[in-house]
Amino acid sequence: MQNFINIFTHGIFIKHAWFVLAVPFLSFVFVGLVLRPLSKKASGLIATLSISVTTLFVYGIIAECFLMHRVPSGAAWQVPWLRYQDGLSATLGVLVDPLSLLLMCVVTTVSALVHLYSIGYMRGDEGVGRYFAFLNLFTFSMLGLVVAPNILQIFIFWELVGVSSFLLIGYYYEKPQAVAASKKAFIVTRFADLGFFIGIFILGYYGFQSFSRLGPTVPQALSPFDFAYLTSPAFIEFFKHETYMIFGLSIFSLTLILVFMGACGKSAMFPLHIWLPDAMEGPTPVSALIHAATMVVAGVYLVARMFPLFVASPEALGLVQCVGTFTCLFAATIGCTQDDIKRVLAFSTLSQIGYMMFALGVCHGGNTLGYTASLFHLFTHAFFKALLFLGAGSIIHALHTNNVWEMGGLVKAMPITHLTFLVATLSISGIPPFSGFFSKDEILLSAFINHQYLTFVIALLVAGLTSFYMFRVYFLTFWSEAKWHGHVHKPQEASWTMTLPLLLLAVLAAISGFTPIAKWIFYTKSQVESHRLFFVPVFGVLVAAFGFLLAMLFYTGDRKIVDHVVLKFAWMYGVIKHKFYIDEVYLWITKKVIFRFIAFPVAWFDRRIVDGGVNLAAWVTRKTGWLLRFLQTGQVQTYGIWLVSGGLVMLLVLLTL
Amino acid sequence: MLASIFNSPYFYPSIYHWLVLSSALFSIGIYGFLTRKNAVGILISLELCLNSGALNFVVFDYFRGNHIDGKIMALFIIAVAAAEVVIAMAIFVGMFKHKKTIDVTEMNQMRN
Amino acid sequence: MLPEIIVLITAFTLMFVDLFLKRETRYFLMGIPLGGLALAFISVFFLSNRKSFGGQFSLENIDLWLKVFFILCAFVIAIASFSFILGESKETCHKKQIYSFEFLTILLFNLSGMLFLVSARDLLTLYVSLELSTLPLFILTAWKRDALSSEAGLKYVVLGALASALLLLGFSIFYGLTGTMDLVLIGRSTNVSPLFWFASVLVISAIGFKLTLVPFHMWAPEVYQGAPTVVTAYLSVASKGAGLVLMFQIFFRIFGASISSFYFAIALLSALTMTLGNVVAIVQENIKRFMAFSAISQAGYLIMGFLGGFHANSQAVLQGLSRTHPLIALSMMIGLFGLAGIPPLSGFIGKFFLFSVAASSGFYWLVAVAAINSVISLYYYLRIVRQMYIEPVLETTVFPMKLSMGGLLGSLVVISVLLGLVPVFYETILWTWKN
Amino acid sequence: MQVSCLVFLPLLTAFLVIMTPRRFSYLIRWISVFGTGLHLALTIMISFLFWAEAKGDGELLRTSLVFKLHLVEKISWFDSLGIQYFVGIDGISLTMVVLTSIIIFAGVLASWNVKERAKEFFALLLILVTGVFGVFVSFDLFLFFMFYELAVLPMYLLIGIWGTGPKEYAAMKLTLMLLIGSAFILVGFFALYYGSGFYTFDLIKLATANFPVDFQRWVFPMIFVGFGVIGALYPLHTWSPDGHSSAPTAVSMLHAGVLMKLGGYGALRIAVFLLPEGAKYWGLFFMGLTTINILYGSFGAIWQKDLKYFTAYSSVSHCGFVLFGISALNFMGMKGAVIQMFSHGIMTGLFFGLIGMVYGRTHTRIISEMGGLARVMPWLATCFYIGGLASLGLPGLSGFIAESHVFLGGFFGHSLQSVGQSGALMKTFTLIATLSIVVTAVYVLRGLGRVFQGPIENAEFANLEDAMLSEKLSTGILVVVLIVVGLYPSILIDVIEPAIRPVLNRLAGGL
């Protein structure tokens, strides 16, 4: 045992941190180019194996950090990659610090389990090789994102996860909805990335400006894009005092807001949330990995990564809080009305990420407990939400439908799925001692102690709503009477490759709340441990219980109650069910405004006016020639007149010059 | 009396008289060229123009030192003009065969 | 003046022999003009720089090259006209009359006129040789004796006579102003006066007529259209070459000292000519008329060469071009070769030099106009290319190419490519010039 | 000698092709492939030679005001007029030569199916490419111009004979517009020739001339706009959609991939380099114009129904980046412009190659008539998507390297070098131009989605075949280059960077 522990005391894992990126990448290339055409089975196997190895490696790093009681500062491994200019270059590297370790742990663990799950879930599909290659690509990109030591690397991998998400959502490329959803996802996030990109410009710009001026407070080895530099007090001080104002905002806040725009896009915050529900067109394991556990929390990660900057700007952080709170409530409301199990989960994801966001946002009140709380929730959420999705995937796999009203009665048929789903549901509802309880409690607490009472109340309300819609799904799926009796074959548990991940995740979802995250991840250590209020968790649990009871009332007994309520609030129900018509608004903007009023006129203008101008010039030339040819009258005396008068004009020209 | 008239410098035409004459010739020639419809008429007008040139040479030769070269030039001009007329007439005849007229305003088969 | 004499003797020989031989045996007569021209060609290179007839006939380096050019042109035209003479061409509507070598005799007379023109150094020689190089062209134009040909001849002769009258009046005024016939002496002793401008305009009009500069170009389309095709080719190359020589004689020998005051006029004529020529050429349907307008536009480029950086130093002018600016001489030669067809490479370099001359005097706007015009002209050249390459081939229009014609075209292509790329040619001209 | 080989090897190949009797059409193709392949090998060899020679350039050029050339050949030609045969290679040239070499090789492979008058086709293609190589290596303006014309003229026949659609109109428009551009260039060159007072066309020697500021201010736009026509500068770009869509595959590849780069190359190499004051005076104006270019092209592309028009508009947008970077007049911008030239060259070459291959199968280029082709031609679809992702600037592919450079250059603008342009305006232009990354994503994904994704709508398409070997090779090379440059950008940047320095030093007023 001691020998085993000794392995982790040399710092080998940290030193070779590049391994974390290299393995998934090589596996992607290998699976994509070599294995894909050869063997479906081998593709899945190798892909899963490589991610598992990566996962173990990450655990190794964590163990090292844990055992050595020391977290390396700065990037563990770094290579120069792109040199823009002297003093302005981008590196590729692996940053090992508590935050990145947390994310690495989440990403690799969930990814490995999802890979394993996919072997069973995707069996029999035509393009399994492609699927696993993309999944590897995603894992690689996501890891690259979370280990990025500089903002440019984040952006690079940010885009790459976007593209892998695009590829995976559109995996069933013959399904028009999937194609549309993948396009939508990519374009919406791309639009958000525009803000992020501009934010990077501005950060880089001021970073570059101050780089030489700040002198010895900044280590020489850094470049203006490095987080170590951007979050250094010297730079923040410099940037904060930049007096340039736009729209009444200082350029500092504006930049952070632009960066937050990118985060909003990726994390599907209102109003850029529209892509996430549609993204459920992808294979369910993909939804579990990308659209629940990892990629969508990248926005939270980004804000957390740049937290020192955000803390310095109450405006930006206030916006984070507002957006987070609103999305949280908004998505939860919609979640109550959806019939597609994956969509319910998608809106639940939105709502939960809203929690994480506002937890970060409330920190402008002065207490930074929210930082820890947010990341804690990120951690626990990853497991229970992945579990929910994988469970949903199991059900869909068995029933071939997404509609919760067409399910029911699965308790007996799929006991493992039921059990794990229940664990996850309890966890997300915040029922102790499941993981969600702890993290949600901390978020509520952070809102309360920062005196953000409105946010606190909304958060409580949403906790109730969460409990309601999750149990709604739970009851409808497992307990209501079965509607699938007409099916040819009875639903049953799938192979072990699918149930094993469920079980493992269920364990994690249950116990991850006990992880002493706060010990490692904090912004100000003292603030993390100072407050403990008794009534906050009590309220939380009570509200959750209320939601649970309401769901039980509605969905286990007579359907009349539900119908009655729905009829009573028909108008509101309709609006919520249609997701507040946000999609329609977007559609109108893109189809009508952008396509009709910009793209079409531009195309028309180009063909008619610009090109017409060119053709006009040609036409004028021809017409002139056509007119001039009639000078040639054929009359010899006219020619003589031309000759003589030409001479006279010539004389005039010569005499006047 | 008569002798004095003959001897008077005003009796002998000066260079200006000659130049006026040649200018008149030239102008008449051009006018004729532009207005006559008959090709031969045009040719005659052109001969006037040529002759005005020849006259100029002779006059300048006479008034500016009497080197022989201007006069020789005049001779050549006459010869060349004769050649020109021959050729032109030949072409006119050829033209007449086709058109049965030598009205130049009719000769606009090629135009535009 | 060996070449001139040889050409004249050949012409007379041909005329007389032609009289005494039977129609069937005349085929062999082909040898006479070709042999004579070849002899003349060779004899050019045995000439040395000297003056004869009291300076009225002299020979400088550029003259040598010009003569070579004219003899070559005549040679090519002579070859090309055999089918015409021997009545194989469809154009021969009156076989009986045309079936004779008089055509070549007249061509040779014309050639001798041009050769004399190059070496003329006084007004008399200039005038007579110019007429000698013009009058035969009237005959050649009307050679076919059909309606079109005759009409063309008529227009040509009438307007030609008018131009010649204008020229003569101009000459006479120059003579009156200076009292001398010698071109260089005239140039040296003129003062700028209204009368001088008047005379210049008269002379420029005549040059414009010969070179088909707008607005003196009106005869050209009709004449080019009506004349036999061989004559059209000859007109567009040799006759225009003669015009260029005339312009050269007048501008550099008479106007030499004050040439810069003519720059704007030249630039204006050049711009007008190339633009009108090109623009009207686009809409022509008749191929020969089209060629006429295209040739008119070419003339616009040619006279750009006269914008060259001439220093207003009469001494320099007197000593000939060699010591002033090699570019002008070069551009002139290139202009001439450019007239002989616009092959891609030598045409490109030629135009490049011509434009360069205009630019050297600061006429950048003219360069722009010229370059844009060359794009317009490219439009119709490309249309011809399209006819040749892109349009489907009609079987009936395929005609076998004769060996002589093919060889001729092939060698022209090779020559033009060589002219374009091998510096030796240009450098030799420049070298002979400088020494 | 090596550089001359580089230029004239295609000409020799063309000669061999001409000499081959028409009935051996296979032989003609093989000769072309072999010739261009040999050329590619030669290019790689020269790259290594250059590498070896140019090791110290980085430091040397940091303060230099003139380009440092390698493998120079200088022979006096028309001596009395100051015209030389002067060729050499520097970083920018090398980049462009490599690009051309790759594209022509891929292009020849992609036109394996040309059966109609194959001999003339390959001969003209090779002659054209001779001109392109000539332009990229010549440092004498006369030579430059001559090669430039040589590169433009064969285009007429290539499009006119082997094209599709309104080919004659397109060919004529393309040729005439490009030549009108070259008319402006010519005027500019003469102005340089006489304005310098040196009476030389030698670029290096001209760089030592002191052009007066007023002179620079009117000559610069002449040359820049002249090159702008071929670089698709708004509003002189309209030849490009018609031309590209009518041209046969290899010609579109070469034209969009390489010929359009002549514009950016000339603008940088000649206009900005020789006339820094003029560049400073006009920089912002052209930056504004190219901003329009970038957005206009991408918005225009959204609405296109024909795949080739679609790509052509995207080219207009992407070539806008080249000129945008150049008119930003700073290190990153210009470097980005050169990288963009390379990257866009490869990318658009790939696009047009693929479109040709798809068209060869479906016989339609109308986007709405296709659909679901990914099922039957996965190789082509994959390549198309990689190209598309590169064009929307996905990191890891070459497009991102170029675009991020250009944007950073535009945004950092005046803070880097003393360029004297208004920083606020430059930033504004840049921010407006960045919108294009979204619009590009929109049209690329829309277009590709319609062609390749979804169910196969037309039953005839269900049995089409994927790429054959020559096509796979052709597209594969291009894809690999896109990825290699995207992952390891130093391979380009190390070559380009030193070569940009002199331009920048002159702009910085180091006269």
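Every chain is named by a letter (A, B, C and D) in the order it is written, and numbering of its residues begins at 1.
Here is the rule we use: a residue touches a chain if its C-beta (ideal position, glycine included) is under 8 Å from a C-beta of that chain, and two chains touch if they have at least 3 such contacts.
This structure is a prediction, so every number in the text was calculated from the model and none was measured.
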Identifier of the chain whose CA centre is least distant from the whole-structure CA centre: D
Chain A and chain B: spacing of chain centres that average the CA atoms, whole Å: 99
Intercentroid distance (Cα basis), chain D paired with chain C, Å: 44
Centre-to-centre distance between chain C and chain A (centres being mean Cα positions), rounded to whole Å: 79
Whole-Å gap separating chain A and chain D, where each centre is the average of the chain's CA atoms: 37
Residues of chain A engaged with two or more neighbouring chains: 629, 632, 634, 636, 640, 644
Touching two or more other chains - residues of chain C: 154-155, 158, 162, 166, 221-222
Sites on chain D at which at least two other chains make contact: 176
Touching chain combinations (by label order): A-B, A-C, A-D, B-C, C-D
Residue ranges of chain A in contact with chain B within the complex: 629-630, 632-637, 640-641, 644
Contact footprint of chain D on chain C as seen in their complex: 326-327, 344, 348-349, 352-353, 355-356, 359-360, 362, 364, 367-368, 371-372, 374-375, 378-379, 382, 385-386, 389-390, 423, 426-427, 430
Of chain B, residues touching chain A in the complex: 30, 33-35, 42, 104-105, 107-112
In the complex, chain A residues that touch chain C: 621-622, 624-626, 628-629, 631-632, 634, 636, 638-640, 642-651, 653-655, 657
Residue numbers on chain D that touch chain A, as the complex places them: 173, 176-177, 234-235, 237-239, 241-242, 296, 299-300, 302-304, 331-332, 372, 374-375, 389, 392, 394-396, 400-401, 404-405, 407-408, 411-412, 415-416, 430-431, 434-435, 437-438, 441-442, 445-446, 449, 452-456, 489-490, 493, 497
